[in-house]
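Per-chain residue numbering starts at 1, and chain names A, B and C are given in the order in which the chains are listed.
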Amino acid sequence: MNPATINLINQPLLVMESASLRLGRHHFGPYTLTLHAGERVAVLGPSGAGKTTLLKLASRELHHSGGHISLLGRDIRHYSLREMSRRRAVLAQTTHVAFGMQTELVVSLGRAALEIDPHLTTIVHNAMQLAHAAHLAGRKMDQLSGGEQARIHLARIFAQLWDIEQGLVMMDEPLAALDPGLQGELLDSMQSYAEARGHALLAILHDINQALHAFDRLLLVNNGQLESQVKADLHALPALQSLYGIHLGSLMTPDGQAVVYRKKNAALTARPQAHSHLNS
Amino acid sequence: MQRMISAHQEGQEGQPALPSRRAHLQQWLGLGAIAFAGLLPRSVHAANQRLVCVGGALTEIVYALGASADLAGVDTTSLYPPAAQALPSVGYARTLSAEGILALAPSMLLATEDAGPPTVIRQIENAGIAVHVLAANHQFEGLLQRVQKVGELTGHVREATELQTRLRTEWQLVRTNVEAHSAASPRVLFILSHSMSQVMVAGQDTSADAMLRYAGARNAMQGFTGFKPLTPEAVIAAQPDIILLTDLGLKAAGSKAAILKLPGLAQTPAGRKQRIVSMETMLLLGFGPRLPLALKELDRSLQSAMQAG
Amino acid sequence: MRIPFRSTPSAHWGNKWHVTLLLATTLLALAIASSIGAVPISWRDWLPPLHGENTGNSYVLWELRLPRTLLALLAGGMLGVAGALAQGLFRNPLADPGLLGVNSGAACAAALTIVFADSLPWGLPAGLRPWLLPLAAFAGALLVCFTLDRVARWITPGSIAGLLLTGIALNAIAVAVLGLCTYLSTDEQLRSLSFWTLGSLAGAGWTIVGVALLMLLMAIWQVRRLARAMNALALGEAAAAHIGIEVATLRSRTILIVALLVGATVAWCGMISFISLIAPHLVRTLHGSDQRRVLPLSIFVGGLLLLIADTLARTLATPAEIPVGIFTALLGGPFFLMLLNQTRERIG
C-alpha cells in the first residue's frame, strides 16, 4: 500500500448530501448517505421506488440537480469519465452487447479507458474465472444465455477495478438472471473480490436474505426517498416490513444463520422451504 | 464542368475552339477556308477517318453525306437508317464511357449537346481525339449549318453542299404547302410519354414546339419552357384541337383510347373528336436530314386529323 | 490453467498475417482490374509515359484506367469504413449510411448547388468553385447524420426500426428535393445531375485519387484512435461512459468522419449504395466483431467490392458502360434482405 492510499482510509469513499433529481413529474431524493471503503451496502425497496435512480446519481449516469455528491472528497462533476472509471465500476440491470462480440473482448472492455495495460490478458482471464465464466471464453455474446451473459458482465466489472484499491462497485440486481446455486457462488466471489481490494459494494437487491447475509448495511428506498439506513441484521425487520408492506418472520438455521421469510398471516410458522433455500 | 461544355460547343460561325493540336490545325484551316471560300476543295480528313457519332440526327447526316463508312460507333439514339443499328453502340448519350469510346480507336467524336458526362468528354479530348459538340437549335438553318459542319469534318464538302441544296428545295416546297392553308392553324398538344404514369407536355423552346410552328400549328401549351409534367386543368384550359404523340408513346399507352383516358383530355376538342396523331420520335424531333419529310408528314397528319373531325 | 485465447484482448490493429494477405489480394485485384477493359493493354503501356507524349493505349492506362481503379479502391474503402463506423455508432449491422439517407442527403445538397450555384445573388470566388460540390455534399451528409443521431438518442432510443424508418423518411425527402432539382434544372444541369445520381467512377483523375488517398489516410489515423472506444460503445452508451469512454466526443467525431467520407464519395462518384452495408458485415462474419479489426478490414473489403463492381460495370457492355451504382444495388438489395431476415427477431 502506498502512502497515498493509506491517507485515504479514513476519508469516506462516497458522500451524497441531499442529492436530488427531478425527472418529469417524479422527484427523487434528497438522498444523504456516506459509504466507506470496504463497506457492503444493499439497496432495498419495492419496484419503482427509485433504487436505480439512486445508483445512477451516484455513478453520474444521471446528473443531480440539487445537493452534493463526492467521490473520495472530490465533487463527482469534476471527475473525467476516465478518472471515474478507475474509481468505480457499474453493473447495469441489463446490458445488450451489439454485434455478438467475443466474451474476452467484452470483459477486456472494462479496461478500455487504459491506454497501456500490460497485464490485460491475465486480468481478463482471472476476472472470468472469478465470475465463474472461464468456460465461456471464445464464445460469442449472442450465443450465451441470460445468466451466462450476466457472468461475463460481472467479469467485466471485476476486470475494471482489478488492480485498484478502495474502489466502489455499484450493481443493479447483479444476481437476478442467475439460478439460485450460482447466486450464492457469485455473491461469495463479489465479497472476496471486494474484500481483497477494500472495494465498497453498493448493490440493489430484491432478496432480503441475501442482503442480510452478505451486506453490512441496508438502504431502504421508497417513493423516491431514502426512508432509512439500518444495519443488516434482524433488527431491520420492522423497517423492512413497513418498506414492503408485508409481514416478515425469522428463524435460525441449525448452523446459526438467521433466515427471513414472508408470513401469510401472523399465526403461520416457518415453512420448510426456507431451510432448503439457504442450504442450497 | 458546365463552363467547360459551353467552351467546347462550336458556334454557328463554325469556329472551333478546341485547345488540341488538331483543333489548332482546323482553326487555321478554317480561317483559310473562309479566306478562299469556294476556291479550294477542303478534304483534309478524307483518308481513314474513324468517327464516333453521338446523336441520332448527326448519324443521319453522316449517312446522308455518304460518309457512313467512316463510322466506328454510334449511341443508342442513332436508330435511322436501320444500318446504323448494326454499328457498335457506345451506350446512352449521357452516360458515355471514355475507355469504351477510345477502344473504338476513333479519330473524331461528333456529339450533340446531350453527350456526357462532361468529365468523360474531357477525358476523350485529352486522349488526343478531336471532339466536336454541335449545337441543336431546332431551326432549319441550324440543320443546314450542321450539314455543312459535318461535311467539312468528314471531308464530304461537295456532298454537303448538294444535300443543303436538296434540303432547301424540299423545305421550300413543304413550307409553301403549309403556308397555303395556314389560315386555320390548329392548337396542338405534344405529349412526350414513356409510360402512362409519366406524361410530359412540350412547352416553348422545345423541338416539338419548333416543329409545330413550322407546320403552321400553334402549341396549345404556352407560358413555360421545356418539357413539364402534364396537369389536367392546364390541359383543359389549353383546349387543344389535336394531340400529338411519338410512336413509342402511343405504343406505351397501348391505344388511342387509352390516351383519351388521361385526365382532362376528354374535355378538350381533341378528346371529343378523337384527334390523335403520332409520329416516329427521331423523325419528328431529330432535326436531321429528314426534316422536310418530317414537316410534310406532320402537316399532312394534322390536316387530315382536322378534316376528319 | 491458462485458457488459450482465440483472440487475445490485447490484439492490435488486426492480425499482421491477414493484413499481408489482404494487401496482396488487393494489389492482385488492382493489377487484374487495370489490365482488362475495352482497350487491350500490352506490358509496354505499363512503362510510365515519357514527357507529354501520352496518347493511345498508354493514355488509356495511365489517365483513365489506373486513376479509376485506384479511385474504386479508395472510394470503396471510404464507404466500407464509413459503414463500419455508422454501424458501430448506432450499434446495429443494419445501420448503413445509404439506407439511413446519408448518401441521399449528400447527393441532395450537391444537386442543389449544381442547380442553384449560378443563381446565387453573390458571386462565388473562382478558387472555391471546384470544392463547392464536395463541400455541399459533406454538409448534406453531416445534416442527415446529426438528424439521425438526434432520432437515435431521443425520439426512438435504441430501436433500429425507428432509425431505419427515419432513414426512409430522409431518403424520401432527398428524392423529392432531387426531383425538384431535376424539374428546375436546365438541360445542361440535367446532364450533370444524371451523371452522379446513377453513381459512376468515370470522373476519376489523379487529383481526385490524391485527395481521396489523403482523406482515407486521415480517416484511418482517426479511426485507429476511435476503434477501442467503438468497441466499448457496443455495450451501450451508459456502459461505455461507465468504463471511461467520452461518449459524446466519440459520437460527434464519428459523425464527422462518416459525413466527410460519404460526402466525398458522393461528390466524386455519385450515389453508390450497399458497399457500406456489405463490407463491414463480411468482415464481422469472417473475423468477429472487434472494431479494431472490423474498421481497418472494412477498408480493404469495401475497396475490393467496389473495384470488382466497377470493373464489371465498365467491361460487361463495352464500348458502352453500365452505371456502377446499378451493380452495387443489384448486389446489395438481396444481401440486405438476407441480413434483415437474420436479425428479424431483434428488430422492433
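In the analysis below, contacts are C-beta pairs under 8 Å (C-beta built on N, C-alpha and C of every residue); 3 or more make two chains touch, one makes a residue touch a chain.
Values in this document were obtained by computation on a predicted structure and should not be read as measured data.
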Chain occupying the middle, per Cα centroid: C
From chain B, the most remote chain by mean C-alpha position: A
CA centroid of chain A to CA centroid of chain B, Å: 81
Chain A and chain C, separation of their C-alpha mean positions in angstrom: 44
For chain B paired with chain C, centre-to-centre distance based on mean C-alpha positions, whole Å: 39
Of chain B, residues touching chain C in the complex: 1-2, 5-6, 73, 88-92, 94-104, 113-114, 116-120, 123, 126-128, 226, 228-229
Chain C residues touching chain A - in the complex, by the definition given at the top: 2-3, 5-10, 87, 91-93, 228-229, 231-232, 234-236, 238-247, 284, 288-290
Chain C to chain B touching residues, read off their complex: 37-39, 55-56, 59-60, 63-65, 118, 183, 187-189, 191-192, 194-196, 198, 200, 202-203, 205, 314, 317-321, 323
Residue ranges of chain A in contact with chain C within the complex: 59, 61, 80-86, 89-90, 92, 95-102, 104-113, 117, 120-121, 124-125, 134, 137-138, 140, 156, 160
